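What follows is a set of notes on a single structure, which appears directly below.
Residue numbering begins at 1 within each chain, and the chains themselves are lettered A, B and C in the order written.
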Amino acid sequence: MKILVCIKQVPDMESKFKVNAAGTWYDTADLAWRMNEYDEYGVEQAVRVKEQVGDADLTVLCIGPEKVKETIKKALAMGCDRGVHVLDDNLSSREPYEIASMIAEFATDKGFDLIFTGMQSQDRGSAQVGVLVAEILSMVSVSTIVEFSYDNGVANVKRELEGGVKALVQVKTPALFTCQLGLNTPRYPTLPNIMKAKKKELTSIPSTDLLKTEGRQHTEKMYFPEKTGGGLVLEGDVADLVNEVVRILKEKTGVLAR
Amino acid sequence: MNFELSEEQSLIREMVRDFAESEIAPSARERDEEERFDRVLMFDKLAELGLTGIIFPEVYGGAGADYISYAIAVEELSRVCASTGVTLSAHLSLGANPIYLFGSEEQKQQFLVPLAKGEKLGAFGLTEPSAGSDAGGTKTSAVKDGDEWVINGTKIFITNGGDAETYVVFARTDKDAEKHHGISAFIVEKGTPGFSFGKKEQKLGIRSSPTLELVFANCRIPAANLLGEEGSGFKIAMKTLDGGRIGIASQALGIAQGALDEAVAYAKERKQFNTPIANFQGVQFQLADMATQVEASRLMVYMAAYRASAGLSYSQSSAMAKLLASETAMKVTTQAVQVLGGYGYTRDFPVERMMRDAKITEIYEGTSEIQRLVIGSSLTR
Amino acid sequence: MKVLLVAEFRNGTLPGSNSELIGFARKIGAESSMFLVGAADKLPPYEGTLYLADAAVHGEFNPDTHKQLLLSVIDREKPDMVVFSHSSYGWDLAPRIAFALRAAQVSEVVDVVDGLMVVPVCNSKLRRQVQSKTEMTIVTLQAGAFGTAEEPTGSPSVETVTSEAGSRFSFGGYEEAEQGGVDLSKSEVIVSGGRGIGQADNIAMIAALAQSLGGEYGASRPVVDAEWAEHNRQVGTTGQSVSPKLYIACGISGAIQHLAGMKKSDFVIAVNTDRDAPIGEVADVLVVADLKQFVPALTDKINSL
């Protein structure tokens, strides 16, 4: 059995962000980087399937500059067998379709039975790449899974819907799944596995070898939203206040739309 | 010269920090208040991660990592909970390390392997009511009787005491020898008849780490449990403490870093006169001093750890690291409480705990005064 | 400008997010039509053409057939934009459509400025203005971004659509949300009570408001210390840190310990009699009122919607 898990390196979301000189993305200098949280669940699920079936080969793939190797090492220390680094120094200008095309180009004819990706990245947050990879590969895909089980070519999963409701879905492999937070409990890489990770294979591929499409959208500018806090003060008759708050809830939050 | 962590060291830091923040930190306040040691959380989970034998070779159940990795692990645990940091440090540096350094192959298989794997918790019994900084004053006695040693006496202030299964205990085996030469080291297991535990100390800080008395009353242990040569106990104790200082220095470093992080976060958040207090130069100067001292400690701690891994002498280096890091921890935690003001003095914020925890690092495993003696004598020898 | 709105039908009901699709079309001044895999006896309020496929035949969750149904409607309508909610239905189906049509997909649109789509980056810490380079554009809309004060009305003119497409998915039904066990960190709406609730019995009105909004209730430290609420509901440094979409703080003055636990909330409404309470500093809206009158009135109003 062959498994692929796709991960992304993202800044710690607690970081102090600055807009870059071109005004189109955040400045990537002086940030702390880590594995995209959603992808940690993907890595964990892939490792669990490998442990379950025994005879499986698990590849972890990450696109980005040289420093994403640290994140690949973490995935290797969590239990992936081999790493693939798609070296791309221009990651921040790549839109989801370009990323998906590169992954699909790599995966073509490799015979992966299962592919896991995060449901979205914490920085760009498009929630497109996983499903697009599957579409390009003509593979079945289920997004936003919070439960996964595999047996003999069949995957039973639960998708998370709004309001805590789950949808039960069954598909046959080969298939791709995008992982939602809470799918499992990602393991900490143990000391012995961290020590072993450095001996595992890590291949580098230049992105130019895989990128055969053009972007379909581009960022005109990036900026900080205006501060909303310290906001509106409402006073007056209770009935009027209630109507005003309901209006605000409808306009500013999605909570009455459920 | 290279100031960058290796890939493994960075991964270890990330892993231990994630673990410490998500698993250890949430209960740190409560465990401190209740003076409660949580064996599963504070030791068994460390074992699962491979931290309990981090510096020992794989053949002895360890992870084969270096001393810097060990220092990083203790630092990151102590950053959120100094009690957890000292649990690991006392287990590894004091309980397991002397067996690794001085034990026979049989002793390593029998005692070190389960300690390194974290199946057993280790502790170290040196201090006595009348022998603290002066280990040569040890009064606990061990008398050979056939195939056994018979131990009598009391040890005090034993970290991990009561909960640990394996103890390295020092006792006088030759009353007539010059005071440093008549001491020997023994491995004593919990449950041995005649070995019991006295009162649990109620402490100012590290309250989630148990500190107990060990009481030996005609406690008979096999002759094979003599660690190293008869009469070499003082040397074993001093060598062990050289390594232990790296652990305590790392603990102090972690406490200081934790307090600095809390102070910075608070200063950015807290508004007075309509502006975050971080914007006031007076607060910035305080934070700058704190950060500089923490960074200086870190360099010295990692330097001592590097020397230990590289096989260089590190007695002086580890004494300097412990002296600087522990005094820094005390200063920085006190300043952190000051930055947080009235809130810092309450138990709603962790800096008061950090301040209480910091004090012990100037005392145990050699007081600051003893560190100065060690450093001074190595300079003037 | 012509847009096709992709409405949703889930577990036999029409979620309120459908009206936001209409809000978006209004906001950009576009001519619209709507697509729905739903039921003929549960039509969304809408003035215009609704292409309706029967969920009883085509399934509520079936990306393969829904994709084919939607592609056939797109082929007839030839819209400039296909608009989804950024929901479990929308973000799943939209990329499938985008790929099939070689179209750009812009996700989680919160606004449209000078013809450019605005999307959040890094948990909404930053914003990005995006230009599509393809003739047709697929968009998904962030929940709440295009809410309208007035609910849409009217009834659509229905055109029925069907598809013979097969499916690789086997849908096994729904599993309802679990009851019991409080995990505030996962709750999207939290209504918290503070010292201002006055007495133990009043926690019930806080809980009732939370329930009307499909959320959980929380409490500040004094309320928990007084044993008016359980400790697992405490928000703050000594309780839980939460980051819901909506946080309503009732009778909470805003001690720094409490603020530290809830300041990451997306939208904060504070109800307090004191207009100078520190909670006002982090609140998007401060309602100056007696919570004992305001909270039950708001609950009644929401339940009547």
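A few remarks follow.
Throughout what follows, a contact is a pair of C-beta atoms (placed from the backbone, for glycine too) under 8 Å apart; a residue touches a chain by one contact, two chains touch by 3 or more.
Remember, predicted model here, so these are calculated numbers, not experimental data.
With centres taken as mean CA coordinates, the chain nearest to the overall protein centre is A. Top-ranked chain pair, ordered by C-beta pairs in contact, is A-C.
Using CA-based centroids throughout, the chain positioned farthest away from chain A is B. Here the CA centre of chain A is 40 Å from the CA centre of chain B.
For this pair, chain A with chain C, the centres built from the Cα atoms lie 21 Å apart.
For the pair chain B and chain C, the distance between C-alpha centroids works out to 51 Å. Multi-chain contact residues of chain B (touching two or more other chains) are absent.
Annotation for chain C: residues 281 touch two or more other chains. Within the complex formed with chain B, the chain C residues making contact are 221, 237-238, 256-257, 259-260, 281.
Listed in rising order, the residues of chain A touching chain C in the complex are 11, 13, 17, 19, 24, 26, 95-97, 120, 122-128, 131-132, 135-136, 140-144, 156, 158-172, 182, 215-225, 228-235, 238-239, 241-243, 245-258. Every residue of chain B that touches chain A in the complex is listed here, in rising order: 7-8, 10-12, 14-15, 18-19, 48-51, 54, 58, 63-65, 69.
Here chain A touches chain B in the complex through residues 34, 70, 73-74, 77, 188-195, 197-198, going by the rule given at the top. By the touch criterion given at the top, residues 29, 269-271, 343, 348-349 of chain B touch chain C in their complex.
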